[in-house]
């Protein structure tokens, strides 16, 4: 896009700024717009689960404008602040939460190379930034000068810090299988038929996927792990004292995080933007076939990933409206006594599996992982080698396959 | 009594120096069932003291009763346990009848059984649904209310009201059942019966539900008796006591010829004539799970009783006995009668002085006694257990504050 | 945080691309003085300012929670600096461990000890003066040292090609695959297998030790269930029930209230 | 206020350097930054950390000071490691700098955990986090 | 895959599957299904899996090694003539000729049967070497030949049937059980939770161990699994361990078996000490060195597989002479060794080592006596019927007790003729004693138990008189019909809730399947068949060949003709008591109406196995027209050199162990089958006369022969004799030893302790006054020094930091000033 603008004659820095802005707005819309859709979806789904109708009137049919109406109401609502609150932190907290949730989207790829910023340590970045969301919650709980809020914040802190451990272990498994932390590469290595998804790579990844789901639900504070805002115990937990726009920022952060962890699950385990059947490849589309074909491929991928992530979000909603809430000690038990050991064992298992059967359960299916665009992917920054102006430098710094250069031949699958 | 606290072995002490916090739960808290206010003394997440504050719903109902004739006071009994108004009507009507030595006809007897057991079902449905809500699951609540609405429809058809019925009255009931009502009632029961399995699946046997309730808030048999607990709370602790069987003959006579087994765990087993789920191994007799389960059993038991009552009611040839006059003179003397309301033993006391207006009216509420164990049960539990325990007692503030 | 400005949806371009076109544009548009801006440097200035500013704010703030918050921001900005310096992995590490882990621990501790008088303990003015003197002298010493080497003063290359964490990972398992920079003696380049393992074990030991140090030592831990054992079995209720019902015993709500009042500190 | 004092002190101490050293040989708006810029940030962070440690009576404040000090050092390591802050082909620390920075972060985490545990224990025993009152072992 | 690698894989898997099932049930036990109901499924699935795998192995074996009529084809003239050429005169001739230049062997195999010139087809190898060093080599290995494969199929098949049957039979154990046979102190009955899963757990472990014995490639492994089946048997007999009788029976079985195993250990040590190997077949060590196995050592190929005393045993026995030779070459040990090797042949001829070989063989046989319940150690088996009936059927009739016979068969090449003679006599005694006791027993399971002992005696006798094939053939057929009989009896017990035959009768009407299949079993065990047409049930063939071999042996050695009469008499007794059992149970009128009313046919899960087994009880002995049959299959595994006639023993020189296929000669065969038919028929008729037609009322017989009846009913007073001879003395000695321990030794030790305490008291005094004073003085000095130094410590943390910061600055400035470096530009 930036090149396109430069081509129009705009100065480079303007072009870059515009491109960055557009990207930011797009991502913002994923969160804000996504939150609107998901809130509506949650209301409808909850209603259907509970044998009700849910919103029916706003916006004509299905009440599809209900969340917009709610949003307008929230905008118009007075932002109250309790008297004893720490004003600065109280105001800051929702934005901290939201920014963390938003920032993590930078590294999440939506299709092959459709990514805010392709990071070499993408997985790491996403998990790290997502962990910052808890700051907003803690600050909100502290600054509200309410005991219920403080309870909520403390629960959140304990819970999120604990669940980051098994979550990290779960995330490491696909990283290990793909041999990279780059989310784009990880996604692309699962190209092919459904059998090449890491979910079906071996039994251990299959199990660890469910551990990941558990931890993800817990780390984004959804039922049955929504201890921080348990309404039957803590009134509303950390956001008891919030109203209006600030409250809605928490809300958007929550839905943004849900979408993010679902998207991450999709990329790490469910093949990312690769559908169960490689339709585009069967039809003969690929990056090599031409520019329009590349766009078609990306659009299909985008739809795939959005679909998977949405399914993940819907799954969380389903759980929320079905299960009772756990107690805080049970939540911690789940994490420390079940998720962490299981994740550790599965991690070790997947490691050994990878060592002895690197082809996975279905080695003959689809294509060998990352066969087609292997060389291209492994290039610095995922750029076509010829197009990289930094090629010379990179060849001196990181060029080629460093492992092979060191004389350590990787094990060939037997 | 600080010494009492010092000696209490249930108090948990930490080496970590933490500050105790007084937390106000209610009267507007989402899970305090109306306007109950609990003051919690917490140490982190652990509750060391729970003090219930009541009186937010006090309406001087008893005093009003001393200025109205017994039949006039019937609508006020509706507002005691507003979830089981029929049973409140029945208790008061029976007490007055006891004072007046009046006996109702056979048809009215069966009608009363029919209606009060139906109301027991609806009351327990609320208790069940709201308990799910207390534990953080919303859906069972609505499932329960869906069925309760159908019962309310039936009641509405019978008496015109959906919450405060004033249907059962001194000397019988205000009106006979409309034609076709019995068939609709039977139809309801038939469609309702399989739905109970859903409730068991969603709550009773749900692993998280069991984890949240089993072994929590254990009310020992002795403590339950000491505190005067009654109803499902008492039976949940394994005490085999049910006023319908053990009460005064005036009341138990109403159930003459009805077959039912008190829902209580005897020798480690519940009566097993239905396919109930098995008791989870973590559950201790007297804990929240058992109290909840006893209620679920009583729903089935009441359905049985309603079916029996329908048959008997339909078989009665004579017309329904007429209620007494609005201002019937009361004899000099007093009467006290306890009935088995859904929440427990509901007692009414009346003193007549020869005028139509009673000289003294008192109500003995089961929820009040049941609530009084909260501070015992909640000592040492976690904050999240407080709603679980209070919810398992299934209190109604209208009855406590009167 | 760092990626926001060089974000692109469809194409992959980092600032790598910026520089050559920038140069040509600069030549073409001499009239616009701002066109010569080096965004890399500007970003550096932004993050450097944030890091230094919040660091000083940490010193200046009195409230512990605010101090912690400023520290988070300062460390986050530092992570941005790491990204700019081509150490992506270190940057992510910084975010994850420092900002995420360490700071959550800190805030946790703050919460646990957040009694009103402890939130801000003000130092005496003599302390402030002394600190200012010591700080100023230390800073001048450090800056003097920083400026004392000519080779450090010149401008850098400023190009950040996409780095790879692979050499770092390989080094941690004991194999060096990175090209030695020109002029570096080739011998003696070793991997970090042993330090890596030592640090791992160290971390483990420390965490166990910390958990031991800070754990809650329960003196008596009976569950409410234990009350069952001490309860006396009562066989008959028929006679007791009406009495108990009419007059609740002294251990009911009223009892609890007096206990609460009596036991309050 | 303290910040002002410190800032003044910093500027004051910078002044002689500015006078003698061609600092603005690099225009940080138009030219890529060099090592020295990072070193300045590191120095500020380091000094701020030391100031925190000497100034704060709250044990947690001291912990934060330590974190700042470690970060200041880390910035230096990363700066020396980065080839992009040097002239073309100039020798750098290379990977070693990054690895050391990595270890510093890890050890800082360990240090924070232990220090926090010590603080908690201290609080348990003394009901305060004021380090001036932690003089039980004084001579 | 070729058989070489296919067989160990299939059989190894089949072997390990029950182990997996055992592990699963052990760890998941009660959680498998409702009250552990799933345990039956797991165990059955495992054993079915084993069966399928064994069957695959069997099929692949048969495909590779087609089963032809080798020696069984006795009607063909060619073979008869071949047999004739190896008749006894020729044998004697060659025997004498061998004696003349008797350098080859002490006992030699003269007759190499047509099909037995070379060693049998077998595959052996090691899965895992546990230890290898010096002469010791312990491995987990396999030795697979036709017999192994057949045993696998048989065991897994019967075990499958019994697993299925047991899942119905043990149904009661799924719930809490009130055991009416256990009386508690307060007079009530024991109430205990069900142990369904534990039963199948033990059963799985048993299957694993039993298959382990069969597949074992060396004697050490055999011994390990030998003990494992022992412990399984202990678990299973004592399954109702709350019952005093059950726990006693379990202990008895276990202890009695230990006596036999002691002998076995002696045998093992003799072999290992002298030969340095326990492997059956030749193997290759980890060092790549070939190590000859037992078979080739005892019957080396160079000697045409004739039995001789191996070099190792000779040298071992002639240790003194070896020492003398070696000492005579003090300078050149190598020459001494060569000299020894040269002299081995002489020593062998002098008879060194013969005793050792005999001891080894008899030692191993001792173990078999215990396990296979031979005289005099047979007393445990009838008591073992305290276990659940499926256990009796599987463990104590079909498989475990047969392990002894199997081992004798497997170890056959090493057994000297003397040993064989001992085996034959032990078998004969066992067979008669057990059969006689079975005549008067009234407990249905005990009759079957004594029948088992008796049949095992048959097998031993058959092996002892040279009928290797006959014995093992009978082992297989017996397994089928005896497990069938036991299962039938279990079905009856299940229906009647009593073991006592006197309360049964007339059950044939209510239990048609059970009675029918049991009739088949009875017919099979008595060897019913038509002599001239040569058609009969499975027992007919095997028993016939035993009779034939015994008859041949009796002809060759008239002085031992008692053996043949034992066999014949045993056959009659067998027929009598088996049909006595059947008639008392199923025929006639019900004796106890209470029992009869309750009786009912068992559920299908119990009757299906009966039918399956009864089919096999009929057909297992048949040989198809192409020569395919179990007998021929077993014959493929005949050890090298054992087919011929063995002349003379070590102790009893004047006897001959005839070649087995000689017994297929027409006249012998006909005589034998006629004898069999006659004895069986007379036994059946007698039984019918006594129990159906009531011509001879049993009570009259009992009164008439009162002393004999009492003697038999009391089981020859064996238990009492053993108690008097062994148990009581042991108890007495134990008491004496105990008294000595408490009275003398403990007192002495207490005295020593008292003395030590006095010394220690003095020592403590010394320590406190002298040494502590010194130490305390030092400490005090340090303490005061520390008090002075402590004032340097202010305890102000921030002060320390400040000192560090300022100190750093100061040091750098000082250094800069002093060194004139260019710090400040």
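The first chain written gets the first letter, and so on, giving A, B, C, D and E; residue counts start at 1 in each chain.
Keep in mind that, in the parts below, a residue touches a chain if its C-beta (ideal position, glycine included) is under 8 Å from a C-beta of that chain, and two chains touch if they have at least 3 such contacts.
None of the values given here were measured: they were computed from a predicted structure.
*Asks:* Imagine the assembly minus chain B, everything else where it sits, and name the touching groups.
*Replies:* Result with chain B masked: one piece.
*Asks:* Most remote chain relative to chain B, going by C-alpha centroids?
*Replies:* Chain centre farthest from chain B's centre: E.
*Asks:* With centres defined from CA atoms, tell me which chain sits nearest the overall protein centre.
*Replies:* Measuring from the global C-alpha mean, the nearest chain centre belongs to A.
*Asks:* Averaging each chain's C-alpha atoms to get its centre, pick out the one most distant from chain A.
*Replies:* Result for max centroid distance from chain A is chain E.
*Asks:* Contact counts by the stated rule: is the higher one at D-E or C-E?
*Replies:* D-E
*Asks:* Distance from the CA centroid of chain C to that of chain E, rounded to the nearest Å?
*Replies:* Using C-alpha averages as centres, the distance is 69 Å.
*Asks:* Let me have the rounded angstrom distance from the C-alpha centre of chain A over to the C-alpha centre of chain C, please.
*Replies:* Averaging C-alpha atoms per chain gives centres 22 Å apart.
*Asks:* For chain A and chain D, what's the span in angstrom between their mean Cα positions?
*Replies:* Here chain A and chain D have centroids separated by 33 Å.
*Asks:* Report the inter-centroid distance (CA atoms only) between chain C and chain D in whole Å.
*Replies:* Inter-chain centre distance comes to 14 Å.
*Asks:* For chain A, what residues touch not just one other chain but two or more?
*Replies:* Chain A, residues with two or more chain partners: 154, 397.
*Asks:* Which chain D residues reach two or more other chains?
*Replies:* Residues 16-17, 21, 50, 54-57, 83, 120, 123 of chain D touch two or more partner chains.
*Asks:* Would you mind listing the residues of chain C that make contact with two or more other chains?
*Replies:* 37, 89, 93, 101, 105, 108, 112, 127, 130-131, 134-135, 137-138, 144, 147, 159, 167, 176, 178
*Asks:* Once bound in the complex, which stretches of chain A touch chain C?
*Replies:* 1-3, 6, 11-13, 16-17, 19-20, 22-24, 26-27, 86, 88-89, 92, 103, 106-107, 113-121, 124-125, 127-129, 131-132, 134-135, 138-139, 142, 150, 153-154, 157-158, 160-161, 164, 181, 298, 380-383, 388-390, 393-394, 396-398, 402-403, 405-406, 408
*Asks:* Going by the contact rule set out above, which residues of chain D touch chain C in the complex?
*Replies:* For this pair, the touching residues of chain D are 1-3, 5-7, 9-10, 12-14, 16-17, 21-23, 25-26, 28-52, 54-58, 60-61, 63-65, 67-68, 71, 74-75, 78-79, 81-92, 94-95, 98-99, 101-103, 105-114, 116-121, 123, 128-130.
*Asks:* Along chain B, where are the residues that touch chain A in the complex?
*Replies:* Its residues touching chain A are 21, 23, 29-31, 44-45, 132-139, 142-143, 146, 202-203, 206, 208-209, 211-212, 382-387.
*Asks:* Of all residues in chain D, which touch chain E in the complex?
*Replies:* Interface residues on chain D, with respect to chain E: 16-17, 20-21, 50, 53-57, 62, 131-132, 134-139.
*Asks:* Taking the complex as given, what residues does chain A use to touch chain B?
*Replies:* Answer in residue numbers: 46, 49-52, 147-148, 151, 154-155, 223-224, 226-227, 230-235, 321-330.
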